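Handing you this structure, nothing more for now.
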Amino acid sequence: MNTYITKPVLIGLAVICATLVGADFLRDGHGYFSFENWPLIYCAIGFVVYGVLIILAKGLRVLIERPENYYGDLAIDSEPEPGMGPIAPEKSGVPHD
Amino acid sequence: MHHHLILRVVAKLLLPFILLYALYVQWHGDYGPGGGFQAGVIFAVGFILYALVYGVDALVRVVPRGVLVGAMAVGLLLYAGTGVVSLFLGLDYLDYSRLAHDPVHGQEWGILLVELGVGIAVAAAMTAIFVAFATREPDIDDEDW
Amino acid sequence: MIPQAIISQLPILQVIVPLIAAPFCALLGGRNRAWALAFAVSLVTFAISAMLFASTLDGTVLSYQLGGWAPPIGIEYRVDALNAFVLLIVSGVGALTMLYARESVAYEIDERHHGLFYSAFVFCMTGLLGVTITGDAFNVFVFLEISSLSTYALVASGAKRDRRALTAAYNYLIMGTIGATFFVIGLGLLYMITGTLNMADLAHKLVEHGDSRTLRMGFAFIVVGFGLKLAMFPLHLWLPNAYTHAPSAVSAFVSATSTKVAVYLMLRFLFTVFGFSIPFEVDVLRTIVLPLALIGILAGSIVAVFQEDLKRLLAYSSISQIGYMLVGITLLTPGGLMASIIHLFNHAVAKAALFMVAGAYVMQAGTSTISDLRGVGRDMPFTTAAFVVGGLSLVGVPMTVGFISKWYLVQAALEQGWWPVAGLIVLSSLVAFAYVWRFVEAAYMYPTPDGVIRREAPLTMLIPMWIFAGSSIFFGLNASLTSAAASRAASGLIAASSLIWQ
Amino acid sequence: MTDYFMPSLIYFAAAAIVPFIAAPRLRATFMLAVPFAGFASFATMAYGTYAFMPFFDFNLKIFRLDGLSFIFGLIFSIAAFISIAFAWHIRDRLEQVSSLVYAGAAIGAVFAGDLITLFVFWEGTAIASALLIWARRTPGAIATTMRYFTFQIASGLLLFIGIVLFYRDTGSVAFQHMELDSLGTWLIFLAFGFKCAFPLMHNWLQDAYPAATPTGTVTLSAFTTKLAIYALARGFAGTEFLIYIGAAMSLFPVFFAAIENNLRRVLAYSLNNQLGFMVVGIGIGTPLALDGTVAHAFVHVIYKALLFMSVGAVIYRTGTAKVSDLGGLWKYMPWTMAFCIVGSLSISAFPLFSGFVAKSLILSATASSGHIWVWMALVVASVGVLEHAGIKIPYSMFFGHDRGWKVKEAPLPMLLIMGFAATLCVLIGVFPQTLYALLPYPVEYEPYTADHVITQLQMLFFAALAFALLIRFNIYPAEYRSINLDFDWVYRRFLPNVLRVVTHYVTVIWRVYARFADRRIERALMVIYRAHGPQGALARTWPTGSMVLWIAILLGITLGLAYL
């Protein structure tokens, strides 16, 4: 179903990450706070924070999501997107389905 | 046109005296009571009497509206113009001292001219107001007010 | 370049040039001749008042004695920074309105009445200039009557377009006459006390005389009389109808000048003649005029919001704007006075532009009803743009003159610690925004009704309109000239009064 | 005024001329020259204050050139150039004129040496930018314009009252550093806050940016908020309170951005978040932090414009900016994709891109001032930036779900200007010292230390890994048509509803009450209610007699006073 995050892409990412884990030993430990010097702390921050953020956002979605015409049919969200102002664009796009 | 014969005759008889009296008031304004305003009103009264007895149309034939407007304007010009003349004579406005050979006479001449102007303007204005009211076509229905 | 002899005669020329020209207008009759004369005369008048303004800006006071009689007995014309400023406003507005009048009057007045119309117009100007320039209190009454009587005639001449002009003129006549009569009664009472009619002399003798019941009566009559003439709040009832039904050129001219001249008279009498030598005068201003002015500011604006007719809307907005000037006066501080005087100018400029716009609509769209003017912004872009500029000035948006005057007024109110007054002024600006917006919305946001064809106003109307609109921006950006004149005038008034300033 | 020609006047003069140039190409070319002329007018001047103008009792300092205003003048000139060039194909005179006025007013505000001048230009930006949104001319856009304008005018009004009070307190209107110690300065602070989109005042941003035309949004994104940043930096540098505001600002939008469907709104949230970094920098107020803020504003204007341009180009070709409608465009718009990715890498602060060299200044300033929690918030926010701006924007347009679009590449002028912006991003990233040299305070900072580069890459790539896994396991939020409530719900829904309910109950209670109350009271109240209406007593034509009655009453009162 998703056509872009394929196995090669994942493997590529994993290789880069592994390299960066290795590079962790090149750090000279000049952080402002002591915990900055813990091994692999930034890897953890990146990974965990990202995951938690997405999950929290999904949770938020439960609370605040509304249909597009929530503010009425004349609100900006329920209008079709603009072409380029009053001048008609060269329409070459094909809508999906 | 044959009604009120006495009224018509008497009115015609009175008219010259009214006008004469007006002129008396006009010219004696600087010695006795009177002056341009009063004279003008009395003068206008003569015309109004004429109109009351003979009808407004007759009055308008005697003094057409254009003449009235003109007389008003001329009267005012006479009044204001006299002052302007003294400006040209190198004095302040309304200072008539140089209108004649000596200041006192000049002042007298000035006042006489001014009063004449006032008289003409007032007479014409009074008559014009009367004519305006008397000849007004009832072009407004009561509901319109 | 100009002979000294003429310079010394400038004060009188200011009045007699239009005075002589007026009857000639009536004699000339036909449309273009009368107009051409009136226009030429108004330009000359403007030039004269500009010269007067220039020669009094440094604080010189010009005095001119009519007929060579010395002041306490003879009539004196006295030009100082304050009335030179007002003269400039009156003659400037007069000249531009005259330019504007050509097309507008041709549309609104019968050809055969043009001579008389322009004659009355020039008379009205004469009267207003005379009222402003004279230093003799009774002469004020004479010129006041000249200007008022001709204004009644001018308002009534709107009858061709709308019969209601006649009733409006009649009501105006009654009210105006009462106002003038009150003034004369008051003046009579003052004469009883002092035996003089020259303003400077009056001032002097009133201080000597001290407090008395007669003086108080005179003061009350004069204040109420002027209150009528300048359309102070509950005495404003003549104004909306008169401004609405008068011919457009008359609305523009009268709205910009006649109430302003009345405000000037109020200032002149309060400060120069009475000079607040007794506490009663201050009490009247603070306990009667101030509350009424405040109510007027708010009520005028709110009523304007609900008006259907553009000219009427503008008329009610005038009532509210006059309130500002009165508030400035009642502050009795240099700042407040200056705010009033500068607002005198600023409001004249903005209102003249706005009424000219309304007149252009009357001529090109045949109506000044707001709902009939929907979409007019597209058909008459320049005219409507001028309205927007003038309207912004009424609201007091920065970079317009309205802002300048409100700024000074709010500052002056705060200086006195009158917080609620300052708040009210700001609040009324919001209301002003509401009524201006109502029209702007109708003009721009709605389509033109079907079958309505409107063309842009002719150039002779656009030019004066935009001169006013432009100057309401220009003087909003660069207020140094107007504020210098206003502060000079204010300090002159204060120097003349006997109030002791903190 | 005689010795100097203000740059903003060049813009205004150009705006006055533009509508009268009939040939479209000529018009666009003319406009393109304006930013250069504007920049040239102050580029070579010595620092100092010029262009005094007497106004009331004040001597206005219209033009003050110093380190801070110079660099903001430069940023705004670049932004004006980019947005005008991107709008090359636009023929709508309203949009063209208002964009020129907008840019001119913003530049004028930056050079304002006193609060009154600032206020005038402040309002100028409000009006011009509102027109820019209005230029789209759909009912929704007009409604948005009204809301937007209300916010901007509210800001102006607060500023105005603030200036008046400030002047009364201090007797000065100079625009200098201020302390939050009086009502006046608080109001000025709030006015800046409105424009800077502080939390709870931020919704105009998310409301307006998706509403303008695609070109209009590029213009909008550059000026208003950065002007507020400048004003805060000038007036309130070192105000502790700002640090926490900034932290909140940088943090909360990332959640909203992650689930937003409209890409331009995602970018608006991202803008909010970026402003948060700058506000933190201002709050810390050390030279390093302020330099960071300025540098960040500088690079931000460029990469945010680049991102908005790439979204704009996509809208231009597809007519939509919704995640739920887009995907798989990389085949058809490869250049746009490349530039978009440069923008994304810059905003996510990848080494060698402009965001990296600017954001790290703020982060190290925060760390060295010891605000550990704020620092952590900023780090979390950085991951959030990567999420919504670094990954979501390019991924959802050019990859994601293939929706079957077959479109042409963006037109050449658009590509050129995007290429220009992208080049700037890379150049600044590679040669940071050039940027640092322009900053108001001398800065000794080297972003490219091994430690810094490695930790940054670790964080970014592990986050990317997390993203890939989340996509893989279908945890990543699905895209479909929807909107999300934000604080604007309060004034678009909640307050109107409350008002409706209250009105309803008041009416009901009133009816009940009226039934029992004396009828005369009701009538009296109705009289007051009606007094001002079109047929109201105050608006009616009165008979002469009653008018005279008023006169008599008034005279009576006045005379009565005489006997007291």
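For reference, chains read A, B, C and D in written order, and residue numbers begin at 1 within each chain.
Convention: a residue touches a chain if its C-beta (ideal position, glycine included) is under 8 Å from a C-beta of that chain, and two chains touch if they have at least 3 such contacts.
Remember, it's a predicted structure, so these values are computed and weren't measured experimentally.
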item: Interface with the most contact pairs, given as the two chains involved; value: A-D
item: Between subunit A and subunit D, centroid-to-centroid distance (C-alpha), Å; value: 23
item: Geometric centre distance via CA averages, subunit C-subunit A, whole Å; value: 66
item: Centre-of-Cα separation between subunit D and subunit B, whole angstrom; value: 76
item: Centroid spacing, where centroids are CA-atom means, of subunit A and subunit B in whole angstrom; value: 98
item: Residue numbers of subunit A (touch at least two other chains); value: none
item: Sites on subunit C at which at least two other chains make contact; value: 167
item: Category of the chain touch graph - line, ring, star, complete, other; value: line
item: Sites on subunit A touched by subunit D in the complex; value: 2-5, 9-10, 13-14, 16-17, 20-21, 23-24, 26-33, 36, 40, 42-51, 53-58, 60-61, 63-68, 70-71, 74-87, 89-97
item: Subunit D residues touching subunit C - in the complex, by the definition given at the top; value: 53-56, 119-120, 123, 142, 160-161, 164, 168, 532-534, 536, 538-539, 541-542, 544, 547-548, 550-551, 553-555, 557-559, 561-562
item: Contacting residues of subunit D [partner subunit A, same complex]; value: 89-92, 95, 135-141, 143-144, 207, 210-211, 213-216, 254-256, 258-259, 262, 315-322, 325, 328, 364, 367-368, 372, 375, 379-380, 383-384, 386-387, 395, 399-408, 449-451, 454-472, 475-477, 481-486, 492-493
item: Parts of subunit C lying in touch with subunit D, wherever the complex brings them together; value: 167, 170-171, 174-175, 178, 182, 213, 216-217, 219-221, 223-224, 227-228, 234-235, 237-238, 240-241, 280, 283-284, 287-288, 299, 302-303, 305-308, 316, 397-399, 404, 407-408, 410-411, 414, 426, 445, 478-480, 483
item: Subunit C contact footprint on subunit B (complex, rising order); value: 69-70, 72-74, 76-77, 80-81, 83-84, 87, 90-97, 140, 144-145
